[in-house]
Amino acid sequence: MPRTDFGPPHYGEMLPPVIKRNYGKWAYHEILKPGVLKHVAESGEEVYTVRVGSARLLSTDTIREICELADKYCDGYVRFTSRHNIEFLLSNKENIEPLIAEVKAKGWPVGGTGTCLSNMVHTQGWIHCHTPATDASGIVKAVMDELYSYFEEAKLPAKLRIALACCLNMCGAVHCSDIAILGIHRTPPRVNHEMLAKVSEIPTVVASCPTGAIRPNPKLKSVDVIEERCMYCGNCYTMSPAMEIMDPENDGISIWVGGKVSNARSAPMFSRLAIPYLPNNPPRWPEVVEAVKHLVEVWATHARKGERMGEWIERIGWESFFKLTGIPFTDKHIDDFIFSVPTFRTTVQFRW
Amino acid sequence: MPRTDFGPPHYGEMLPPVIKRNYGKWAYHEILKPGVLKHVAESGEEVYTVRVGSARLLSTDTIREICELADKYCDGYVRFTSRHNIEFLLSNKENIEPLIAEVKAKGWPVGGTGTCLSNMVHTQGWIHCHTPATDASGIVKAVMDELYSYFEEAKLPAKLRIALACCLNMCGAVHCSDIAILGIHRTPPRVNHEMLAKVSEIPTVVASCPTGAIRPNPKLKSVDVIEERCMYCGNCYTMSPAMEIMDPENDGISIWVGGKVSNARSAPMFSRLAIPYLPNNPPRWPEVVEAVKHLVEVWATHARKGERMGEWIERIGWESFFKLTGIPFTDKHIDDFIFSVPTFRTTVQFRW
Amino acid sequence: MAESRTPRVDELEKGPWPSFVKEMKRAAEKKPAAGDLLRQLDLSYEEKVGHWKHGGIVGVRGYGGGVIGRYSNKPEEFPEIREFHTIRVNQPSGWFYTTKALRSLCDIWDKYGSGLTNFHGSTGDIILLGTTTENLQPCFDELSDAGFDLGGSGGGLRTPSACVGPARCEYSCIDTLDVCHSLTLEFQDFLHRPQWPYKFKIKVSGCGNDCVAAIARADLAIIGTWKGPLQINQAAVAEYVKNGLDIEEEVIERCPTRALAWDAANGELKLSAEDCVRCMHCINRMPKALKPGTERGATLLVGGKATILKSAFLGWVIVPFMSLTPPYTELKDLMGRIFDWWDENAKNRERIGELIYRLGMRTFLKEVGLPPVPQMVFRPRANPYVFWWPEEVKRNA
Amino acid sequence: MAESRTPRVDELEKGPWPSFVKEMKRAAEKKPAAGDLLRQLDLSYEEKVGHWKHGGIVGVRGYGGGVIGRYSNKPEEFPEIREFHTIRVNQPSGWFYTTKALRSLCDIWDKYGSGLTNFHGSTGDIILLGTTTENLQPCFDELSDAGFDLGGSGGGLRTPSACVGPARCEYSCIDTLDVCHSLTLEFQDFLHRPQWPYKFKIKVSGCGNDCVAAIARADLAIIGTWKGPLQINQAAVAEYVKNGLDIEEEVIERCPTRALAWDAANGELKLSAEDCVRCMHCINRMPKALKPGTERGATLLVGGKATILKSAFLGWVIVPFMSLTPPYTELKDLMGRIFDWWDENAKNRERIGELIYRLGMRTFLKEVGLPPVPQMVFRPRANPYVFWWPEEVKRNA
Amino acid sequence: MPKMVLAGIEIEVDEDGFIQDPDKWNEAVAKALAETEGVTELTEDHWKVINYLREYYLKFGIAPMIRKLCKDTGFTLKQIYDLFPSGPAKGACKIAGLPKPTGCV
Amino acid sequence: MPKMVLAGIEIEVDEDGFIQDPDKWNEAVAKALAETEGVTELTEDHWKVINYLREYYLKFGIAPMIRKLCKDTGFTLKQIYDLFPSGPAKGACKIAGLPKPTGCV
């Protein structure tokens, strides 16, 4: 019988000595340049961080490579960030440039701090999930290739967080990202009645539908989908393999903007629908890449210094956002779910 | 057979000549003093308005008295405002003071313009309705007696609109008033099964409940109320006399604040719960009068010039509102109906 | 006189504000019903409970609405208000009257009713407060001779109302009185013969100040507005400042979109016209200096209503701008389509706003033929529950 | 070499950003499963559709979660990924590692798995991407020997995570790493043996910047904050200004409550402490000059989650301030009450936020014993649908 | 509760003259009620409306909405008012012995 | 679909070893399934859980929630894991012949 319930390794074992010594006693920090942070402790000690972009999907050999660098420059310690970047923590300033040189030689980017674009939070897609409406890693790679210089150079008005989720389950934080890329299905599930009768809990399938589109069909020991009430979320598929939702002809991508998580200045905000549909076009999803780039550029051109995407839009008004970006406004943009009413404009105040 | 479907008298027949001449061609206005407006037309002509407070519930003889004054000073024309005040329209400036003198002699107040308190919009109460949780005219009279000087003198930071409705049907605009006085029931309806079976449409009664608290009881040909789900709105009583809702022991009043209707500066806002319950205490409802007065005074003391009640509260935060007014915050203040979620605080930004 | 029979309500004769009790007593001098009403009210004050029975359906021939039936639940004690129905009389647009018209109303009401009125009810009607079933028809007959028609009640159109507008207000961007009158006449059948799932209210305000509270109380709010820059008389602005207006604090800072700037050096008010959301604030503060722009029309909003059933709604923008000139054909056509869609789809007692909430704005817009525009929402949807019309996707099979 | 068998995904080897395809190819050199995975992905790129079967329930002895089962729907074509389950390994708080620990993970995974990982999954786990059913137990056995336990999946607690916090951040108001670790240990049974209606996530951020996106992604978000005025070093402020910071435009104007003023004459930053809502902005702009106040603790928020079923929620404040010192008894007790109430009342697959929405915040607060405070809401209710507890009214019979 | 003698039997009605016990209704009662609503003769068209209302009520427990009434009977609302001058709610429903329409007044 | 020979009959199972047709289940099948889940002997306690699950499923069409399972059988979750080392979902439900629990993984 193996040991169980011992929990993760204690973080204390994993902290570099300089950090252990100054734990909870940091005084301030500076961004020396994109990707390089300096934190100064009350004791006067300093720790330097070099942040390196990662594919997130890593082979063990690449992790070993990271370890080699960490051994060489960082006393054998390394960390990862909440957005999947690699952070090398250096107690010796002199090591910064040599480390960066080695990192760059491997073709890894250094950046992602301050007003840079950081890494995209994303999901499994066709690599490992069963409900995706699109791939994850492929689009991320294509987008980051195109926006690469924004990771390495601090030339944006503010932080830019892009995220991707391959279906409406939204693993990750696409619902609160400056720009979110979201895989969507667009046709109702196809019910395999024979299979459903055998392998599914009918009440669970019925209850799984957010819009009440599923009715039991006792005759077939199965369920029926009221197609006009289905908005293709795929939650019934999660509950039953007999509710096939993937549809290569119609699945695709939607783009959302203006979310944020931090409480800085403005309260956290949800991302909101910008582009209802773009086609799946592997391997490089040019329409999606183009759309994201366009959004970044319009924002970068118009926002004030320090203004996140959503803060900029809220200041100029969504009317102006659609005007400036040239994105058509459609009935899809108008909320029609439970909390729709508070999004309706209940004032004659608006821009033309 | 009488004439039908001829509609209201044409407004054109009712307009004073000076207004007819300058219809749609007004240039600007001034408030000469509380209750007295001067409107200047592009033609240079002027019309003076003397606004007089009214009990709204008027006897025909009082209307005749109004007519006498209108004949004497206003060429036989008079109007009423959307808040039930009387407006005397004078083309001759010289008539203003004599008119005011006569009005005052009758004990009628002149005021209600600009940053005055205007008349209270209200409802029928025990005078003529079948679902009230309180009276209307009596409370209005008691409150206006107390706040009288605010009607006659322009000493508030901004407009102040107080309204009263005697039940949750909210006839009037209590849902969007600076201060709203609202009659509430607090106990579930008592079902008279025998009566219900005879005189009611059961499906209609069931459908009338906003919280789904009513279930058909086929055995009794009646309905049952799930008491924990009932919030005493009385809508089922509107649908059936067999759902008695009035309860002298528990009916009473709640106070709401911060609503507005105009689009000036801020978008229109709903009034929000300040005091969940005050007792019915006729004939002068001292607790209610005291509470309203207190709210007016706290606002008047703290608001900036031009700041409506709701604008002031939104600036300082509702946390501060409860602190400054000393009103206890309870679970009743937290929304639990359909659109509750957008009212929950989804940020760590708040005041202590 | 002996002890008062109404000691509680008598208290409300005191105090500076005009007393409704005095009004009731005044009416009671001629009309016993008013006296019984006062006494029943005093009983309510004692017992803290109302004394009217539930509901009441009474009316006049040919109409399905306009009268609210009431019966005292103490008919023995208060026989004069055993039947005590209210008649709703459609007010003239803007609540303007000749004294002649008012007096004729008083005379009719003294003849047939309690001598008590509300000037006005909160929908806007003239409320004639209390008469018997028997008197309803003759009273209406005389009202109609005097040129007064009934207002609305029940599941139909309710009496529309309008702010004073062009009659006495320099801000009005539309002819509120005429729009109100014209719509009332156009849709009278719906007003007099309730035939819809529930009530429908229309209110017309000449500008964003919304002096009839249309956005809060009308299923259809028609609110005047304009396109293009507001009109600025720079000299008059300077005059306000000279006379002590703290323009920075009271105007510039309060503009919701910061569309204004005050160039103190040159005494000039600068407007970023595309940022002005026509809130009216700066105009309100400086009526001699600022005016709405010259291209005028109205914003239409649907859905405003009070609490029952799904909670109160403020009206939602459905048409950002419509120019309104008689005979208002575009408006009336649209209203016809809205009424029709609502009547066809709503459940019993479901107001238009609730129906739109239930079926989705997309359905409403499609069915009444309105194009979706960003002005309809504060912000787009945050949830990904997007519906596609069948024709927008490729269906296999 | 001949024509590539994966022409489509090969395209993604190009371009400057690190390529996951290269990673897969690198792993494929040793591990055939990685090769089949790449080829199946290429097929997905061709057909625009996924090739994994539905669901999968596999695991290790004694645990109910921690593994996501997957089976290729083309097992003949891609036999190496016929079974391809993911193991979720609980990361150390803050994602700090010794290279030793990392290498031991790599060795184990090379032995039992595909050689592919996610560092990390978006909940925070180390994701070991793909192995067979057979290898699960031995793999776990070796992981456990190496000191690594499994993370969460299924209807239970999910792997908590924390921002870097006191380890390297001067803003942290709480010991995020310790809180995270301590809660993980305390509630491990819930993590390893799913027993709840649905998942429950915990994330810990040291301040309002919320660097783990707790408010958006955690059923319970623990976010550091403080009471009392923030700490100002006036000299350091002046230094920022001297060095070119446009303090008016970049700091004063952006403070959400306008709690700051810049006294340029005296070079002094004025704070209206009671108006500061601790948004962190001014501190972020001037980290050398400003610091959180000295009385520190955390705000607790519940309900954050993604879309399904009732749409995404951001977390709601339930405790404005709780001071957090080991062993965090007050916090753990409260969590116990919350778990219990939720478990007792929720429907299948109903997250805590959805349950609170359904039953009302009043019920939640009462049952878990929290006092209602105005900090819980942006604003009070606008609808009058207020419930009274039976003991609050006088019941007649 | 007041009582009225309708078609020879004493029947409880409310103040508005709606019968209080739907089971007491029959054709004779309908005729008697019609008189109280100014309908002197019940023609075939009247019966069409009355029977429709009754059947609908017995089936669904509610009165039909006006739009449905018109659609299903084929009468315009104007024609219904011509038949029942006090309208479908106060007139036709009363004569058909339905409970008093509540709600929206 | 793979097939497995369980208690002498060939039964369709999915990759995870859940039987595909609930009607095929019987006690012998349960025993055979138990072996695949590392349960070598089905004791009375095992049967208490299995029977409870089956009855619940047949009655409501769903598996009970864990809290309910524990409450109604009187076993703690720990005891259930002692009985079924792969847990209530993968272990007990499989042996009881229920459809594979979906959802939350």
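For clarity, chains are labelled A, B, C, D, E and F in written order, and residue numbers in each chain start from 1.
Note that a residue touches a chain if its C-beta (ideal position, glycine included) is under 8 Å from a C-beta of that chain, and two chains touch if they have at least 3 such contacts.
Because the structure is predicted, anything quoted here is derived from the model rather than measured.
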item: Shared chain contacts [chain A and chain E, defined touch]; value: B, C
item: Size of the rotation, in steps of 5 degrees, that lays the CA trace of chain C over chain D; value: 180
item: Chain whose mean Cα position lies farthest from chain C; value: F
item: More contacts between chains, A-F or B-D; value: B-D
item: Chain centre separation in whole Å, for chain F relative to chain C (CA means); value: 65
item: Whole-Å gap separating chain A and chain D, where each centre is the average of the chain's CA atoms; value: 13
item: Euclidean distance of C-alpha centroids - chain A vs chain B, Å; value: 49
item: Residues of chain E touching at least two other chains; value: 18, 62, 100, 102-103
item: Numbers and ranges of chain B residues touching at least 2 other chains; value: 168, 170, 175, 204, 208, 210, 233, 240-241, 247, 263, 268, 270, 337-339, 341-342, 346-349
item: Residue list for chain D, restricted to those that touch at least two other chains; value: 53-55, 61-63, 68, 189, 208, 210, 215, 223, 256, 278-279, 307, 311-312, 314, 348-349, 382-385
item: Graph class of chain-chain contacts, one of line, ring, star, complete, other; value: other
item: Interchain pairs in contact, sorted by label; value: A-B, A-C, A-D, A-F, B-C, B-D, B-E, C-D, C-E, D-F
item: Chain B partner contacts - residues on chain C that touch it in the complex; value: 8-9, 11-12, 14-24, 26-27, 34, 37, 40-41, 44-55, 60-63, 68, 70, 84, 86, 90-103, 105-107, 109-110, 115-120, 122, 124, 129-130, 140-141, 144-145, 147-149, 161, 163-164, 166-170, 172, 175, 177-178, 181, 184-185, 188-189, 192, 208-213, 215-217, 223, 249-250, 254-256, 278-281, 284-285, 287-288, 306-312, 314, 347-349
item: Chain C-facing residues of chain E, complex; value: 15-16, 18, 38, 62, 65-67, 70, 77, 81, 85-90, 100-105
item: Interface residues, chain C side, partner chain E - complex; value: 53-59, 61-65, 68-69, 71, 83, 153-155, 189, 193-199, 343-344, 348-349
item: Interface residues, chain B side, partner chain E - complex; value: 198-204, 208, 238-241
item: In the complex, chain A residues that touch chain D; value: 1-11, 13-16, 19, 23-24, 26-30, 39, 47, 49, 53-64, 66-68, 70-71, 76-82, 84, 86, 89, 107-109, 121-123, 125-132, 135, 137-138, 141-142, 144-145, 148, 151, 168-173, 175-176, 204, 207-208, 210, 233, 235, 237, 240-241, 246-248, 251, 259, 261-266, 268, 270, 280, 282-284, 305-306, 337-339
